[in-house]
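In order of appearance the chains are A, B, C and D, and numbering begins at 1 in each one.
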Amino acid sequence: MADAIGSKIWAIPEGYIPSKSTGPHPQMTSHETACLLNTGDKDAHVGITIYYTDKEPVGPYNLVVEARRSKHVRFNDLDDPVEIPRDTEYACVIESDQPIVVQHTRLDSRQAENALMTTMAFPLG
Amino acid sequence: MADAIGSKIWAIPEGYIPSKSTGPHPQMTSHETACLLNTGDKDAHVGITIYYTDKEPVGPYNLVVEARRSKHVRFNDLDDPVEIPRDTEYACVIESDQPIVVQHTRLDSRQAENALMTTMAFPLG
Amino acid sequence: MADAIGSKIWAIPEGYIPSKSTGPHPQMTSHETACLLNTGDKDAHVGITIYYTDKEPVGPYNLVVEARRSKHVRFNDLDDPVEIPRDTEYACVIESDQPIVVQHTRLDSRQAENALMTTMAFPLG
Amino acid sequence: MADAIGSKIWAIPEGYIPSKSTGPHPQMTSHETACLLNTGDKDAHVGITIYYTDKEPVGPYNLVVEARRSKHVRFNDLDDPVEIPRDTEYACVIESDQPIVVQHTRLDSRQAENALMTTMAFPLG
């Protein structure tokens, strides 16, 4: 399985990082993740653009997913060019120079017991 | 990333707004959301039609997602032409004059700890 | 929105009805649902076939989704030709004579607080 | 419904098996599952390759989904060539010699009440 599979553009309309958490950090911290899989033999250079309700898009946030590697990116950790605000609705578009596959997950531990949700991101090109 | 991406028709078969909630309003109120992402340079004019089990469809509920913006729409808040009843099974079709991407999420806080679920809506055109 | 949209064959590989529940029936009873949306002007005649781990498929379970209607079908309630056993892994294929859209949801209330999950079913034809 | 439906390659970017659980084994043990559905008349020979953040892919983990059968595979149980480490981010590609349909589910019972998430895997060929 050394072929590069997937798409080069992905969208995730539902973004929201709760500011509150219950339980030990970092595992149970409320977070939002984009899981990126690069099955190919070339490193994938990825740019994430964040869309907001009431201001212009921000980004790209740049990162590399190495060849034949998976990377789980926490939006909580993105800070260049600027941190993503908590308790704020956003969306994102993820662009890569190699085909990748992207899945979106949120762990919400605002209340005592955590909730989870996941979906494949929407592939565009 | 200024191209308009996505589809112009989306369907969400699973709709249900619980009438009960636990925790502070509005964050923890039981709700159902359609997250709409418009990456293009033109405002998207969107109409949502609600389908029921035992009566004719209702709508459209009209709204605008501005160019390069994300909008998280709570079905709880839709009231024109009429509010969506609680504790009632429904489905919806979302039509836009520009390509958009749509994700569906429910937060259910009927019990003490909230549950979450999400999926990409189904693209049709 | 009177066109029939969607596909005529859908698959849901992940089926499991927990035998235990916490909370009032029927809302909080552990259940698994296929939400069917028929946006067209003709009634959709639907057959559901259940696949098991260790025996031949069972079905079809027949039902109708009327024109311009949504129907949330609980697998818990299917009993013709035979009830689906609890605590048993299964999968299903849903076939319709009209295009429909199908979303899969489970509410699991085995423990004190319910968990939810959902995904669009997989369209095949 | 005896045709083989689905795809022969599927990807799941979000993999993670929590090491902690609450409640009776095996039902409530934290686990991650790939549900495989083979609707066709030929057995499907399946190979799962696991991708990591910081080392080369491992696999394939081989299994058979018999004709007209469903199989719910717990990643927790895979141990040939080697067990998948707990509390570790991974991703996977699932390849089959027959068309199948694949859905991904996680039950997380690290805290007192379990959380669930699911999504259709991403089809590739």
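List of remarks:
In this section, contacts are C-beta pairs under 8 Å (C-beta built on N, C-alpha and C of every residue); 3 or more make two chains touch, one makes a residue touch a chain.
Values in this document were obtained by computation on a predicted structure and should not be read as measured data.
The two copies, chain A and chain D, are related by a rotation of 90°, based on C-alpha atoms and rounded to the nearest 5.
Taking shared numbers over all numbers used, the chain C to chain D interface scores under half, which places it in the different class. Averaged C-alpha coordinates put the centre of chain B at 21 Å from the centre of chain C. Averaged Cα coordinates give chain A a centre that lies 30 Å from the centre of chain C. Within chain D, contacts with two or more other chains are made by residues 112-113, 115-120. Remark: chain A residues 9, 11-16, 49, 51-54, 56-57, 87, 89-91, 93, 95, 104, 106, 108, 110-113, 115-122, 124-125 touch chain B in the complex. Looking at the complex, you find that chain C touches chain B at residues 1, 5-6, 23, 27-28, 33, 35-37, 39, 68-72, 101-103, 105, 107, 109, 112-120, 123.
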